[in-house]
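Below are structures written as structure tokens.
In what comes next, subunit A is part of two complexes: it sits with subunit B in the first one and with subunit C in the second one.
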Partner chain A sequence: MTATVPPTENHDGGARREAPARPTARAWARENLFNNRHNSVLSVVIAAGLVVLTIYGARFLFVTGQWEPVRTNLTLLMMGTFPRAEQWRVVVQVYLLCAAVGLVWGGLTSSSRDRARDAGIPFSRARLRDGIRRWWPVFVLLLALLGMTRTWLPLGFVASALTVGVVARRAMEALGAVWRGPAWFFAGICALAGWQVVSGTGGIAWWWGSALVAAAVLRTTRNVRTDARWQPLARFALIAGAIAVVWAVYAQFDFSGVGWDDWSGFQLNLVAAAASIVLAFPVGLAAAVGRRSKLPAVRFLSVGYIELIRGVPLITLLFMGDLFLGFFLPTEDPLSKVTRAIAVMTLFTGAYLAEIVRGGLQAVPRGQVEAAQAIGLSAPRVLGMIVLPQALRAVIPALVGQFINLFKDSTLLSIIALTEILRIRESIHGQREFLIVGIAETLVFVAFAFWALAFTMSRESQRLERRLGVGER
Partner chain B sequence: MTRTDTATTKGADDQAMVTLEGVDKYFGSFQALRDIHLSVARQEVVVVLGPSGSGKSTLIRCVNRLERHDRGRITVDGVELSNDVKTIRQVRRLTGMVFQQFNLFPHLTVLDNITLAPRQVRRMPRHEAEDLAMELLERVKIPEQARKYPGQLSGGQQQRVAIARSLATEPKVMMFDEPTSALDPEMIKEVLDVMQELAGTGMTMICVTHEMGFAREVASRVVFMDEGEIVEVGTPEHFFIEPAEERTKRFLEQIL
Partner chain C sequence: MSLSSRNAASPVAGEPSVPIVSSWWRRTGFLSAIWQAALVAGVCLAGWWLYGNLVENLTRTRIPTDFDFLTQPTGFAIPENFGFDPSLPIWRMVLIGVQNTFLAGLVGVLLASIVGLIVGVARLSSNWLVARMAQVFVEGFRNTPPLVVIVFFSFAVFSFGPLPVFPEALDLKLPGSDSNWLVLSKSRIGIPSLSAERHTGLFWIIVVCGVVAAAGVWIWRSRRHVRTGEPHHRVLWALGTLVLVVIVAFVTLGGPYDWALPARSENGRRLISGFGTSAAYLSLTLALALYTASHIAEVVRASILAVPKGQSEAAGALALSPFQRYRHVVLPQGLRIAVPPTINQYLNLVKNTSLGTVVGYADVTNLTRTSIGNANPAPQSIAVLMGVYLVFSLVISLLLNIYNRSVQIRER
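Coming up: the complex of A and B.
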């Protein structure tokens, strides 16, 4: 081919050609489903099976299914024996948590927006449609729950809670970068207060709350610089004032009374799983790092912990925790049943997480550590900034899998007589009118509640993987 | 054995940036370094040559304590290496190292790779560290790659980022461990150019390399190693034209 070829002439492999168009549905089906006789037969059989399954499923869900036991006992399933007079606490908690999530989410969105702007990359914020597509299992669960209620109150509650979250998020996006730091603290305060209002863990939280508020004020005023001599004094006054407000607010509410032991139903599953996940993660990290430590004592302890726990069934551990965990602790008042259960689940999951994380640590090439050492990073920074981020990224699927296991294993709490959702479901069929009514339906309901959330966790983990996969070598 | 290193052209010991005296290193029962004596003067560019397994890499890896030497003394800018963590970090701050496999941090952008050490070790504020990083990227001629991740760059670009990352700690000695061995042929030159420019600024350098052209043009002295010991040390002219040792001659015959 020479350079004198006129541009209008078309040669194979010469001039740039358009990318092949996306095939139509018809063409795609012909190519992939009906491309030969065997495949065609297979496609037809499977399609017929799917149709039959869908019809039966829909009939069960909407026509023949007896959902009355679920409908009647929805509150029981969700909140169990939580005192009805204290339900407002849960409502307040949900509002506060929504606000916290909204603040953090909005902060993250606006910071990635700023980073995209710095890097000159176009940024489009997530729309409602994206949100629904991302969280659809949760929305389906919410819809199913709302469909079962007898009054409009729950609908108003869910709608207003979502609104609180969205407003908090929008506010964070509108406010500048200066507010992002303080927002973490306000989110923390919201989460803490949400925790407080339900669990009623007493006076300690007053101090946590005060510390958080003080830190928030410090963080906010950090960038305000004047030469005035009164500045430290003003800052001090501001902190004192903020703390006074916190205490005044705290004093308005009665935080005592509703402790762990009143928690039950799906709420207990959620809280026990969430608490164990949050607590088990650092335990697992520490044990994984400890297992590779150069200090024999640390290594021995880590290996002992991991291998001891992994060799014993969770049910056995739960019984043991229930029966004699209290004896080992130097405390006068016995720990509540739920606390002991969470401790056991934390220790159990921590051991498994440790082995997962260790696998990730081994996957980080030695050269990474050497390069980090060579530029003078201290050992903790080498671990925290170079090794762990890469190690954890490599094991996200296994980590989240373990978290999902833990969430589902929370149903085992029923064997130590905690009234989690599965146990409540059993007790529903002890009620005279539901003795033999809707036994399958209640089970399907419980299964669906777990599935919707576990599936969401799985999807979120895949999303996280994709996002962190940027620049994978 | 003609060991001329004890009386270098630049001479006096207070001038020396890096000294190794009687250094031995074992891996199990295998002796990787045998009684190494070497003194590198300020602003000197020393190129270490030798067949693979001769202990070249081990030699420079002992200088910043990526390997621990078993006998002898190693001093960098007057600081003697000991088992003390603070001393080790001090020595690592004085030295920069560039690896054969680049070893960039894949989870950080190019900019973050470079600013990590200034911000964490030297406590430099972010914007100052980023200004410094951009300056260094200009020097290695890839400022436009600042926001990318290492995986998105070519080998030559990655190695130049690695050089910039090392320079960001403002080291007094730069050590190169076969910096071009993992590169495609067409990218070797861009890295060697950067190294040559760096030598021109008066940086003290110890380079383990197989690039004979670089050794000939840039080195102040060439060190030839075999089986864990220093066989011969001399100027490039001496080394390439009239090597004294039989082993050196054999090595040169094989590669040239």
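Coming up: the complex of A and C.
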């Protein structure tokens, strides 16, 4: 290779400081493409190859590609066998989730604006151009989806959902700092409602609402300081009362929904990955702390769990879940197939999260723990108030990376005959008119759907990593 | 968790030197013992309960609870290894599966390392186009599910795709002879292989002697280099010795190996000679190699960036060419940093070979799955399967950790 000293990275957005004067195109080409004889030959050859490749690619995309299988089965690919009569639930869910994301995003923007103002740093809002540069894969995916629909309805749906998100964001930015707390709570309610409008409020759904309310109570009463000894008791009573109210409210509703056993298509990929990572978080946290414990038995158990799971492929665990996980329970196979798969994915992710969190724990300087012990904090408090907040902040990018892996691994659910998107793609080619039509095209579509989301997430997490790194210095 | 140490007996200066004796049941040692005993007891109880349920459910559904099935006949043929007799016991089937997994893993690791190294270096090229192409490769493969890549290769490239579309099997003849050197059919690809003829044992003994001799030559050249300062060229010398020994042995023994050219059976569906490989194997290995190469490329890039810039500049000041700078200064240091994360990637690749089950490659996972479908007990089969992968993981990480220790820079 004719590579020399690494040039400055050319893909980073945030790290570049004030840019020097832009060189002319001619000077730029001489510097970057034709700076010596090798490179000149290389550039010409590659450019020729790229032209050919582009022509082939464009012909495949717009002329020769048979996209009819994708176009005909678009809803099937996205939602699979989700009951069509219940589709409105998903629509409402998307609106609610957009609102929640908009609120959170607006809150983050406005709080960082306030911080910048306090520190006397000029604050510039992200421009639309930056947004498009950061999120273009998602926009391309949306455009591809909309381009293949037959009616105008989806366009209106996407546009209105995006509008809801933007309005929520602007509203959050416009609100003063006083209202930000309740607005966080409202965002949580939106997300929760978005989940339950599909899954229903039956069963143990009220747990989630209770957790949300308890968190809100804890947060609002955090700054109330009295010396009274009954203060913890009062807070506890407050939370218990709030949970009772939530439970009572839930008990009034009889809003049955569509459980995740009936979810399929791309929706299942997303839900399985998200549910597994959320559920695996406590498991991974416990295993990571256990691995660093001073007690040999705890350490041994944690290491055993982590290494055993990390030593085997996910697919063997999925077979276990599919074939005989129910045998470990006394009753006759009470769990559904999706539940078992998610349980196994949780078990799997827990081990990987444990290693990630361990990395974060090791990054916390020892002096922090010693200082906390010196002011008399008990062991759980040292962990909860000092160590974990620092450790978890440092591993957020790695957590995003793990989520991306899990999202990609959710395709393995097709092997145990769950109808996620890859399985549905396969079944499309069982339809008589598409037996051998567009096999590459459906695969390209599926691959692009994953790629667009995974790529955007990984780039955003790199951005976050740089920002966190800057904050630490 | 560790409990705050209340039993500190040493008095702090300034305090009255009365030893603080806490009651025995509040001491850290006692409490931690209690904690651990409770935890172990809890885990054991839970495990016992789960195991009891499992055994009860298995007996209820009349599934055997022991490992006797391993000695039962397999009962199905393996497409990848047509010499396999279905009446052989299941443990032989597992071994065949392990062998196939190993083949896919080994070739995949080699390919992934080469491609990953090239792409990783290319990402840092001073040529904008080269760097961009490498980036597109990395970001493209890294963010796509490996399973989708494998399926793409299998269906869109090989079975139905532009590559070999052979409704009729295609034979390519050797010029001027009647035998084929390449057989392409819908699912299998046959290439020439070596067949053992005579004196193979003796031949390999001589080869081993040749390796020893080559090692001796290597040491001699190195010592000579140290003594006289002349260029050692030890790779050339040692390889030359080995090749010489092998050629002499091959000729004097009258050709212990001969080419076996691929040929098809009567019905044209099997290869009866030569080395046959399947589209499933090719798509699995290629897809995994490219997917893993994108990860390795990132590792390589990060490791090269971690080498201090002064090293490269100093090499430049010594008038080394850009290639020499990379070959002798930057890469040796960078690749040391790259070893531990690369081990992880290799492990991932070997574990990902289990995805070959989707395209019908007869790796150990696929065979186990088929055998479970033939009414063999699932829990024991999966336990054996997990054991196989655990052994793979342990052996790989052990070997590479030893290697890692040997290449680490020894700090003075």
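By definition in this document, the second predicted complex is superposed on the first by the 341 of 473 C-alpha atoms of A that agree within 3 Å, B and C clash if a C-alpha of one lies under 4 Å from a C-alpha of the other, contacts with A are read in each partner's own complex, and residues count from 1 in each chain.
Note that in this section a residue touches a chain if its C-beta (ideal position, glycine included) is under 8 Å from a C-beta of that chain, and two chains touch if they have at least 3 such contacts.
Predicted model, so just to flag it, every value in this text is computed and none were measured.
Q: So, does A:315 touch the first partner subunit B, the second partner subunit C, both, or neither?
A: Touch partner of A:315: subunit C, not subunit B.
Q: Pick one for A:433: touches subunit B only (first), subunit C only (second), both, or neither.
A: The answer is neither, since A:433 touches no partner chain.
Q: Have a look at where A:370 lands relative to subunit B and subunit C in the superposition and call it first, second, both or neither.
A: In the superposition, A:370 contacts subunit B only.
Q: Have a look at where A:130 lands relative to subunit B and subunit C in the superposition and call it first, second, both or neither.
A: Once the two structures are laid over each other on A, A:130 reaches no partner at all.
Q: As a test of reading the superposition: which chain, subunit B or subunit C, is in touch with more residues of subunit A?
A: Touching more residues of subunit A than the other partner does is C.
Q: Would you sort A:409 into first (subunit B), second (subunit C), both or neither based on which partner it touches?
A: So A:409 only meets subunit C here.
Q: State whether A:378 touches subunit B only (first), subunit C only (second), both chains, or neither.
A: Both subunit B and subunit C are touched by A:378.
Q: Please report the subunit A residues shared by its interface with subunit B and its interface with subunit C.
A: Common to the two interfaces on subunit A: residues 373, 378-379.
Q: Hey, which residues of subunit A end up touching subunit B in the complex?
A: Against subunit B, the touching part of subunit A is residues 118-120, 365, 367-368, 370-379, 381, 385-386, 389-390, 393, 468, 470-473.
Q: Under the touch definition given earlier, write down the residues of subunit C that touch subunit A in their complex.
A: Of all residues in subunit C, those touching subunit A are 1-4, 32, 35-37, 39-40, 43, 50, 53-54, 56-58, 118, 121-122, 124-133, 135, 139-140, 142-149, 151-152, 155-156, 160-161, 304-305, 309, 312-313, 316, 322-323, 325-326, 351-352, 354-355, 357-358, 365, 369, 372, 378-379, 382, 385-386, 389-390, 393-394.
Q: Okay, in this complex, where on subunit B does subunit A touch?
A: Per the touch definition, subunit B meets subunit A at residues 64-66, 85, 89, 92-93, 95-97, 99, 101, 103-107, 109, 116-117, 120-121, 147-152, 162, 165-166, 168-169.
Q: Provide the residue numbers of subunit A that touch subunit C in the complex, in ascending order.
A: The touching residues are 1-7, 10-11, 32-33, 35, 39, 42-43, 46-47, 50, 289, 293-298, 301, 308, 310-313, 315-316, 319-320, 323-324, 326-330, 373, 378-380, 383, 404, 408-409, 411-412, 414-415, 422, 436, 439-440, 443-444, 446-447, 450-451, 454-455, 458.
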